[in-house]
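Down below are the structures I want you to see.
Two complexes are shown next, each including subunit A; its partner changes from subunit B in the first to subunit C in the second.
Moving on to the complex of A and B:
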């Protein structure tokens, strides 16, 4: 009995270093942000209040930055799903040799630096870049399009940069689906589309939700892509936090913006998790 | 039964094949563009280059600031990996064995840097360090990176611990081996691939980190991705392309090595 008890305490000890590290360098800083966001004045003289939050929510321009950022994530995540799902589906249909090539192609972008990947897009989307040269040469448009520094550009690049985060969970879940289910469906007379929408898609929901959470959170916080492709005209939440904190040195306001941003993202993640639980309950309950 | 052409099956396959083909092209396109661009012989970056040369790779040899930033980045990434592996693997050992809801909560906490906006955390860490009186340095950079990189090590280590048969550990202990010996001779060889894969992802992710570094670096400790971000945004220096070329080649080489020795792609799914 005594041996079991010491064993138990010893097991706990192994998690202690990381727990202490996170308490000190993750939880404490986040609590500090929350604390400072309630400072009434920029000078942080000690008066507490909701002034920073009122200042953010009272200005419709700020609220617009928040909704723009959250919607940007929705658009890029939807594109990732629409284009990523077929790739994950293809992965489960090809030979093992092709599978290892495909997985290499999917993983390479995650491991390669985001700065590197975004840089390529500046060359591709620029005024005299590949896409515009093609469009003008084909006569689709007389003028080069403004793809760089536009929201459409940011959405396209985010989709490419974050795509692997969507594809990998989808591959995992699609591989686990029993192929007999699809065969049964078609034997019973359902066509390929019907089988997909009635069998494969619902069963892959856990992967879709997991991929959506990863992709969405990565897209809304993608500072490098947002700033390089969006330029200075398009302002999103991460850049706003950075400007307020570093350029304007307005820490209480930057803290309030951070808190509002984090809560918005966490709420959306919580919503997605609740959605997946609800679905799981209906499917398997 | 009358044989007929399966339009539905055909259209389904066609649509899915077409979409995945587009995705594959879009996924690899940028890497190929950068590689070609990095070998340009021209003064400015224009795609496709009219002629090719190694001039911008040679120019990297004299780029002192860039080299300094590279060294800082490697140093921080190395510290981050070692600390993340030590902290992450020991915590994973506990988390994998325990069924208590407290441990699940702790696991969620350790994984949350993956979900939480990294830039907000970077700002939080800056305030914390300035309150404690620490100036930005490789030390503060490494601390910030460890927080955002531990989840990678934790995830892959937990995945390989889940495959580990606990009976093996019981055998080892009942045959008289100490805990440390069991860990070194039984556990570590069996989870080594997971740990190595997590460490590799942590290294690449630290080497690539911008949002946290933005707040925790200063002029003396500028990291490579921020240096590149800066020159891409401001002057579109052609050396940016060759520097990116070096990063891509190194990444591919490391990835192939990791795949061979640790089966790294298994841990990404």
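Moving on to the complex of A and C:
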């Protein structure tokens, strides 16, 4: 008895390696970034202050870039959800053989390098790319559409690239829903849509929230996709941070932009978590 | 036991590996130099010509790491005070001045570099030799652009609506283009207002503003842009690869800048670093690099201009002096503000 108790009380030690790893390679650099963001001058001569934050908020361009980035994430995440949910739902209803094929197709985007994938999209979306050739050949438009270097293009590519992050949590949650519940619902006279909105959708909410958080954070920080598909005329926060840190060597300002960006994204994630807690409390509480 | 390695061994082994990777670079590889290079043409030409020449001469090997000039400065700054992340830096004029100001590169000791004295005087920099001149002009697709362009003004022609490509100020190409537009509109490095005013009128013609160099080249390849600013070397290399692209100099004078090589301060292998830079200055190396598809403009007095370099860039060293140069010290002072303004003006 006593031995078991000691064993239990020492279980937390299993988390020590990960904690040490995180402290060293995540928390410490993060604190460094936060520290640098309070440096008053570019040369980091020691004076501290909120100058960098004031400089960011004082220019409307910066604030527009921040809102653009946050909205870009909303658009791509919504599209992921709209396309991903039926896919995840389908997954729970097909044979095991088809399931492994589906899971392979879902995971495929993550197994190729993001740079390669994005360059492939440049070929697909370009003025003489597959999509535009088809559109022109079908007579849907006389001129090739501007897909590359447009926000629409960035949203399309992000949706494909980040889809697994939405679909995988959805599959996990949808698989756990007892199929008897849907049967019971229809036996009691509810139609397919009503069953979906009253039973399946609410029960899959934790998956939707988890998928949304993962997809959203990945979309807003997708530096490669945003800069290659968007070009320089669409500016998002990751590119702005890169410009300041690498092109202009202005580390304090880059750090301040990073901290502001991180806080904004964290607030949105916190909102989603709160939403899921409220949901869970109502459903299961 | 099917698996001959015990858990203990595995743990010990991985711990040792982890410990080794934490050691500063250069502890094991005794004769390995780390040199920065640019991406694209430069990475290719230095891998094919410079690396073998250097290895033969010094008996050492070199790891060439492609990095933007600005990325090199960022890495050197971050490593200041510790072991340098690489021994040789390769920079354009603006970033080179910044690196000197920040104390990141050492003065170049000509005594350690026999080929240094063979360079034209304007290429014998105090902090490192110029290894070439880079020149920019207009590149266009001869299949879709029937009248060869002659000046920047051609980019503004209404027939090129939505077909022109430029790059952001992150590359010296984009920066030099903006500076030259500014010069022609009557501005100076201290006042870029004329350039930005003129840039605004180019917006309807722009198909793309590439965030970086690699993407810019890809756009010519994909026929995404038909005409745009381009670097002489990159355009000629694309052409040699079969991409339909022609490079022309603009009639108002060719903007150009020096590309330099430096031994970094705190280099782990200073002697090898000198041997490497000196190899880049060797007449044999420069002559080989001047050949197509590289067309690297030589800086050594012992290499006469030939081939495409002679027909398109310079027949005599005096031709190089007639190009358009900018005050990079002033450029460095204004760059941060211009980048922000550029972001603002070109935003969709």
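In this section, the second predicted complex is superposed on the first by the 266 of 285 C-alpha atoms of A that agree within 3 Å, B and C clash if a C-alpha of one lies under 4 Å from a C-alpha of the other, contacts with A are read in each partner's own complex, and residues count from 1 in each chain.
One rule holds in what follows: a residue touches a chain if its C-beta (ideal position, glycine included) is under 8 Å from a C-beta of that chain, and two chains touch if they have at least 3 such contacts.
Everything numeric here is computed off the predicted structure, so don't read it as measured data.
With the two structures aligned on subunit A, subunit B clashes with subunit C.
Using the contact criterion defined above for the overlaid structures, shared-chain residue A:59 touches subunit C, although it does not reach subunit B. In the superposition on chain A, A:47 contacts neither subunit B nor subunit C. Contacts of A:269 after superposition on the shared chain: subunit B is touched, whereas subunit C is not.
Of the two partner chains, subunit B and subunit C are each touched by A:245.
With both structures placed on the common chain, the touch criterion links A:233 to subunit C but leaves subunit B unconnected. In the superposed model, more residues of subunit A are touched by B than by the other of subunit B and subunit C.
Legend: residue contacts after superposition of the two complexes on their common chain; A:149 is shown touching subunit C, with no touch to subunit B. In the superposition on chain A, A:278 makes contact with neither subunit B nor subunit C. Only one of the stretches 127-135, 145-153 or 199-207 in subunit B has C-alpha atoms clashing with subunit C after the fit on chain A, and that stretch is 127-135.
Shared interface residues of subunit A, touching subunit B in one complex and subunit C in the other, are 119, 122-123, 128-129, 227-228, 245-246. For subunit A in complex with subunit C, the touching residues are 59, 61, 119, 122-123, 126-129, 146, 148-151, 227-228, 231-235, 239-240, 243, 245-250. Put simply, subunit C touches subunit A in their complex at residues 68, 70-71, 73-74, 77, 98, 162, 167-170, 206-212, 215, 218, 222-224, 335-336, 339-340, 343-344, 346-348.
Note for the complex: subunit A touches subunit B at residues 10-12, 14-15, 17-19, 21-22, 25-30, 32-33, 36, 82-87, 89-90, 100, 102-124, 128-130, 159-160, 163-164, 167-169, 171-172, 191-194, 196, 213-214, 217, 220-221, 223-224, 227-228, 237-238, 241-242, 245-246, 251, 254-255, 258, 261-262, 265-266, 269.
If you check the complex, the residues on subunit B that touch subunit A are 6, 8-9, 11-13, 15-20, 22-24, 26-31, 33-34, 37, 45-48, 86-88, 90-91, 93-95, 97-98, 103, 106, 109-110, 113-121, 123-128, 131, 143-144, 146-147, 150, 179, 201, 204, 207-208, 210-211, 214-215, 225, 228-229, 232-233, 236, 240-241, 244, 247-248, 251-252, 254-255, 259, 265, 268-269.
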